[in-house]
Amino acid sequence: MFYQDSELQYPVEVEDPNPLFAKMLQQAIGGLEGEMRVAMQYFFQAAAVPDEHAQYREALRDTAAEELGHIEMLATAVRKNLRGAPTSFADAEDGRDFAALAGLHPRQFLSSGLNAMPTDSAGVPFNGAYVVATGNLASDMYANITAESGGRLLATRLYEMTDDPGMEDMLAYLIARDTMHQNQWIAILKDLGDSEEPFDVHPVPDSFPNEAENQEFNYDFMSTNREAESDPGEAWTGGEAPDGKGEFSFINQIELDGQTISIPTPDPGTYNSPKPPQED
Amino acid sequence: MFYQDSELQYPVEVEDPNPLFAKMLQQAIGGLEGEMRVAMQYFFQAAAVPDEHAQYREALRDTAAEELGHIEMLATAVRKNLRGAPTSFADAEDGRDFAALAGLHPRQFLSSGLNAMPTDSAGVPFNGAYVVATGNLASDMYANITAESGGRLLATRLYEMTDDPGMEDMLAYLIARDTMHQNQWIAILKDLGDSEEPFDVHPVPDSFPNEAENQEFNYDFMSTNREAESDPGEAWTGGEAPDGKGEFSFINQIELDGQTISIPTPDPGTYNSPKPPQED
Amino acid sequence: MFYQDSELQYPVEVEDPNPLFAKMLQQAIGGLEGEMRVAMQYFFQAAAVPDEHAQYREALRDTAAEELGHIEMLATAVRKNLRGAPTSFADAEDGRDFAALAGLHPRQFLSSGLNAMPTDSAGVPFNGAYVVATGNLASDMYANITAESGGRLLATRLYEMTDDPGMEDMLAYLIARDTMHQNQWIAILKDLGDSEEPFDVHPVPDSFPNEAENQEFNYDFMSTNREAESDPGEAWTGGEAPDGKGEFSFINQIELDGQTISIPTPDPGTYNSPKPPQED
Amino acid sequence: MFYQDSELQYPVEVEDPNPLFAKMLQQAIGGLEGEMRVAMQYFFQAAAVPDEHAQYREALRDTAAEELGHIEMLATAVRKNLRGAPTSFADAEDGRDFAALAGLHPRQFLSSGLNAMPTDSAGVPFNGAYVVATGNLASDMYANITAESGGRLLATRLYEMTDDPGMEDMLAYLIARDTMHQNQWIAILKDLGDSEEPFDVHPVPDSFPNEAENQEFNYDFMSTNREAESDPGEAWTGGEAPDGKGEFSFINQIELDGQTISIPTPDPGTYNSPKPPQED
Amino acid sequence: MFYQDSELQYPVEVEDPNPLFAKMLQQAIGGLEGEMRVAMQYFFQAAAVPDEHAQYREALRDTAAEELGHIEMLATAVRKNLRGAPTSFADAEDGRDFAALAGLHPRQFLSSGLNAMPTDSAGVPFNGAYVVATGNLASDMYANITAESGGRLLATRLYEMTDDPGMEDMLAYLIARDTMHQNQWIAILKDLGDSEEPFDVHPVPDSFPNEAENQEFNYDFMSTNREAESDPGEAWTGGEAPDGKGEFSFINQIELDGQTISIPTPDPGTYNSPKPPQED
Amino acid sequence: MFYQDSELQYPVEVEDPNPLFAKMLQQAIGGLEGEMRVAMQYFFQAAAVPDEHAQYREALRDTAAEELGHIEMLATAVRKNLRGAPTSFADAEDGRDFAALAGLHPRQFLSSGLNAMPTDSAGVPFNGAYVVATGNLASDMYANITAESGGRLLATRLYEMTDDPGMEDMLAYLIARDTMHQNQWIAILKDLGDSEEPFDVHPVPDSFPNEAENQEFNYDFMSTNREAESDPGEAWTGGEAPDGKGEFSFINQIELDGQTISIPTPDPGTYNSPKPPQED
């Protein structure tokens, strides 16, 4: 179950309200890189973790609830940045106010009355497809490191945009939490294996029997350059692969001898034929 | 530029056509875990890689083109599984044929005449939001390991579903390629750093100045359990963090002293007030 | 069947074209609160109303056709606001024209040549999921009051934005129609019951047998505050409930004794396990 | 802030797992009528409630957290219904198992390894556009009564589908909570006004000045029947309107004298003209 | 304005209700090839037609209203096919009823109580992006021929699926209307030009000045085969082009001498660099 | 299979970077009228073409690969237009820079670090539903002429917007390619028939037996004007239809004698009834 109280995790102050920054902050609420995504992602992942991994389930639930608190902080930041926003063309004939009204996230006024919305910075609604929860903890941990990397990158770019001290302080906190979250998911990734090596659970899913995959092609880097090239000697074209289970090599797609494309005439019932049926 | 020829990378044979498996294969074409996503993801990532990392750009373009070939293979597999599919209720009164017609991906017949479509297995169209390309190579590599983990997991589950020898052979090939792709993106991730350590470029983005983030909260695991708990001694609640830049510790959210939520009366122009304006 | 003529319901004039207001008006065309939504909503609801309620079906069809006329009015308003809009950066070097071009709904020029589009103000296409039609008239009437409340709120905010006399006149008309539509759906809601009381058909659906629902929890307000609280004495924590079928009371979620989460080990065929299968 | 513990609100048992019912339950998780929607809806509404209405804010937050617990219950129900689901065509040659595999929510296996997903019963991802939060509490309360009516209707239909005692027990609980939630939002709606009358805050938004709306058309029922009809004497074509501020009357759209549609030649820069520019 | 009456354009009878055919029919209501799309497409196109083309505007409005009537017919067909549909697993233990329940469009029961919905056959909601209205009548007429071709193709495939006499009769009517609509839009396309030739208004938009386009590449067929090929002598690689304004020729992409890809180092403020800033 | 090299098809230069034009260009990348759509459309269409039409399959694959090259060119144009874009409010206090920041495609900075994205100009992600591939080549060719008409129209409007010599040069090239592509798909359309006449394969699909469609209504233009009108004598209300298989005539919808709408009482299990079950 979930509980709530009326506190924010960290103070949210805005010295100089900026309605355009309110638009930008939406990316961190309802965007692909946002907090609704991570909150729901950890929630759904947790719901699939079996009891033998209960410690990871608890970590996922802990952070799911923490992220709900981040949505609150960001919604507060949006509302404070929208204080006094221009909403009338008559009052914003030209200059900075007119440009601000031109660039407003229109639904922050029209749909929600100067409050945060479950959309991204372009006004695209949050999409459940952002949420990755595969049932496999190793795969999920990569999805989480990815999400927190994208989230931290977004927060640093928002930090770059603003020079409001309150916003910088809030973002410095969120950036710190993303640092932590990246580290904790990596720690769990390593904990899942039998050694300190993070790639001990690779290739994901590691539970698929090795002998069932095609052993001829599983460590070949495939160049698709239209000219057959020779091995450039990169870290991914030779030497031991990071999973410790094979040696990289280099092939050219052009030399593959797969199969020539051939497609038979479709069934008449599809009405795929562009012409009338032939009479005899 | 891109080029093409009329060959498939690897043979695609179906011994016993199964229209329901044709539906399942759509997940690997137009789904979140599918080949359209990785093809477009590597394509857009490559378009942002600067010249000093040209070797990674070439690797991304190589694999983008390879994945286009995988879509072709899967589209072939779909078409072959739909050979002779029941498309008339009169010809499928009951039993297996009726159930197959009940479970058909309806648009594989109605919209495309028994061919593959740019949708997932549920019929949801491919979405550009699946494509992650951040401009930051470390972040992108995590997105790629995630994508290939999800893709390999999907392929193993499809392998579990079928016992058609042709489909098993095709999937064993695709699983092998996903093994390779996981390894090659990890290899690039390690290559990006200055050591063999994959977390040398952490926290992502590593180019944000350390001193600007909130140093008080960047290595604290935050428990949100409604009861204040003590440190459970997990790998993510103490010890050195994987990025080698901090020590994990453990805190309870309940003890944070952020800020009490307080929201002022909105501006009349928002018409947020549920009541008519007060007259004096 | 549906018919048309070449008249608008009400005059639409624009004295001072404003391409940014053309963008805002899109919310009332293709947005969640817009006219495409209500037109389609009343249309689909009508298609489910049985003959014993034919008078409501006629009312729904009447208003569906009326709303189609509102889309026309708004499309006219969009086109008139886009007259002479800046579409060339060379002709809009800076100032108000440059800001207007910066804030333009880009697809109103690029996709439709300075005309209205089936999108909202942010450019997000109309979505069939906005349309609520449940088959149950009481539930549908609430959806309609909600839609008309959101629509009227939107129209008042658009009214706030503009001071163009033509636009004010058009919006004053649309606001009036939303007043009427709210009232007519409430009138039908009351008419559905056996008394003047609007909650006579509650809880929706009222056709579900009372004894089948869990009688222990159906009038308890559940506090989820992390601290067990005592009854605050609000109108929803005590006294007779509005449906006249129960007495409100107050409980704390924390005291519920449901079930501890427990999840068994998944089947190997899911490949959920992050580790290879154990050998003995 | 939000907190969590490892308890479910109410027990969730499944005696006879049914993978098709697992698909149906998704509607109550990620569908328009589902729990993700109400949880997020109450969360975003609360974030806009000013301090003078703090008691409503607390009620919204209380129920937001309660609904998160309902997602958990439903995710548990999905997982338990998927126990032992057929996932291999070889093991489900025909009969009930084959039909179950045909009808499976494909992504419940392929994407999540037999767990719940953030989608509806058709596999369509949850969409932020389901979430209605307008900044106006009266409008929001109607959205909430609508949401809980749709939710209770869905739960009764799910109840109709199943005869598993565990599922019936869980649904009886959720139906009870939907009864309560309908009542509590109605109670708040009434509490918002200055009388016991629920329509005291009508028309929504009641804060828009009456004199600004078009007083000629705000209580006219408009028939759009292609034949001019006379007043049918319904509750919405005459008598006092429910908001107590006007008298219903009846008009025929056909008699309106708005404006004839007229559209000038577009600017050449739109390239709207289907023909080449005329030379002189 | 739009008007309605209580008649269907053409009778809709179902002799043998088939809930799975009800699912298939949804493609013709809310799908890409469906009637909501054409109704809205003709409606939005009409709203952009200037007075000098008023005869085309009237034709578009005529057919927009006609298509609304087709949605009604199809909604009726859906409802009649859902009469007596299995909605309880207890009543559908196995066989045909169980398979029908497995294959049901779940929301036709769960969301709408056995009625039509604004979705396609897979349950994906109607999307405004299906609607093409460009402001240019020649472009719009092609979009319309495309829409009616796709619509007629869909109707023939639905005809193939069913052998219910009522459904065949309804579909034969809809197929006939699609024949007419294809022909009428072609007739308008020809009417737009100054000759009987349909390609007299090509290339679309014909109002763009010829001399401004790149005259070197506008009639070259470009082979992208990875091997430089010679002209295959097809109708599109030589001879006069259909627009009568150029001669086709044949080139190989491989011989183009465009530009080598080169991307400079990004600005530090993007945080695109995967590494920390270098110190000196 | 697909191959790549590191060349662009045509040079892409930007003399005067314009971040707002970078936003506009997104429409040509990930929009309905964009290059991702045509690349994927030709790719999926090709995958359905049977061997007897192999020459069309090769043409589709040739142009699919060419369009991938256009995405590259446009991504390059976006990146070059974003060089030096304002990304900090402190550095863009007012004037042109502030307006540019107000109008920025926010995700081009926040999500991708000043690079192109798989979205349209409004930030809406690319959608697989844009891709039309029906299995019927005649229908597909119309979809392709439509796509290239929309694409060329978009390119001419972008040309209208800019006066940057590099951008004009790139667009002049893309406009030329769209001219060619329109012509080549028309050439294939004509080639599909047995005569030079493009409508020789009409009505699409021409493979449906004529006698099965309703011969009474397949050449009638249907006026839906609310007043029964007489034949206006247009090219689509009389004379031979373009498919050469019928004569146009003119009817009024109002005179149709279809069927009066009648809907029976729904089954109690739907809970559609707004009232409790009646007791006796």
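For clarity, chains are labelled A, B, C, D, E and F in written order, and residue numbers in each chain start from 1.
The criterion applied here is as follows: a contact is a pair of C-beta atoms (placed from the backbone, for glycine too) under 8 Å apart; a residue touches a chain by one contact, two chains touch by 3 or more.
Just so we're clear, the structure is a prediction, and the values are computed from it rather than from any experiment.
The chains in contact with chain B as well as with chain D are A, C, E, F. Listed by label, the chains that touch chain B and also chain C are A, D, E, F. The two sequence copies chain D and chain E touch through a face in which the numbers common to both fall below half of the numbers used overall.
Chain centres here are Cα averages; for chain A and chain B they lie 9 Å apart. In this assembly, the C-alpha centroid of chain C lies 27 Å from the C-alpha centroid of chain E.
We define each chain's centre as the mean of its Cα atoms; on that basis chain D and chain F are separated by 32 Å.
Listed for chain B are residues 1-9, 32, 47-48, 58, 61-62, 64-66, 69, 72, 76, 79, 87-88, 99, 102-103, 109, 111, 113-114, 119, 122-125, 127, 129, 134-136, 138-139, 153, 156-157, 160, 204-205, 208, 224-226, 253-254, 256, 258, 261, 263, 266, 269-272, each touching two or more other chains. Listed in rising order, the residues of chain F touching chain C in the complex are 18, 20-21, 23-24, 27, 31-33, 95-96, 99-100, 102-103, 120-124, 150, 153-154, 157-158, 160-163, 224-227, 253-254, 256, 258, 261-266, 268, 270-277. By the touch criterion stated above, chain C contacts chain E in their complex at residues 1-9, 30, 36, 40, 43-44, 47-48, 58, 61-62, 64-66, 68-69, 71-72, 75-76, 79, 111-119, 125-129, 131, 133-136.
Residues 153, 156-157, 160, 226, 254, 269-271 of chain A are the ones that touch chain E when the two sit in their complex. Considering their complex, residues 3, 6-12, 32, 55, 58-59, 61-66, 69, 72, 76, 79, 84, 87-88, 109, 113-114, 124, 127, 129-130, 132, 134, 136, 138-139, 142-143, 145-146, 148-150, 152-153, 156, 159, 169, 172-173, 175-180, 182-184, 186-188, 190-191, 198-199, 202-205, 208, 212-226, 232, 234-236, 241-243, 246, 248, 253, 256-261, 263, 266-267, 269-272 of chain C touch chain D. Across the interface of their complex, chain D is touched by residues 1-5, 47-52, 57, 87-90, 93-94, 98-99, 101-107, 109-111, 113, 119, 122-125, 134-139, 192-194, 201, 204-209 of chain E.
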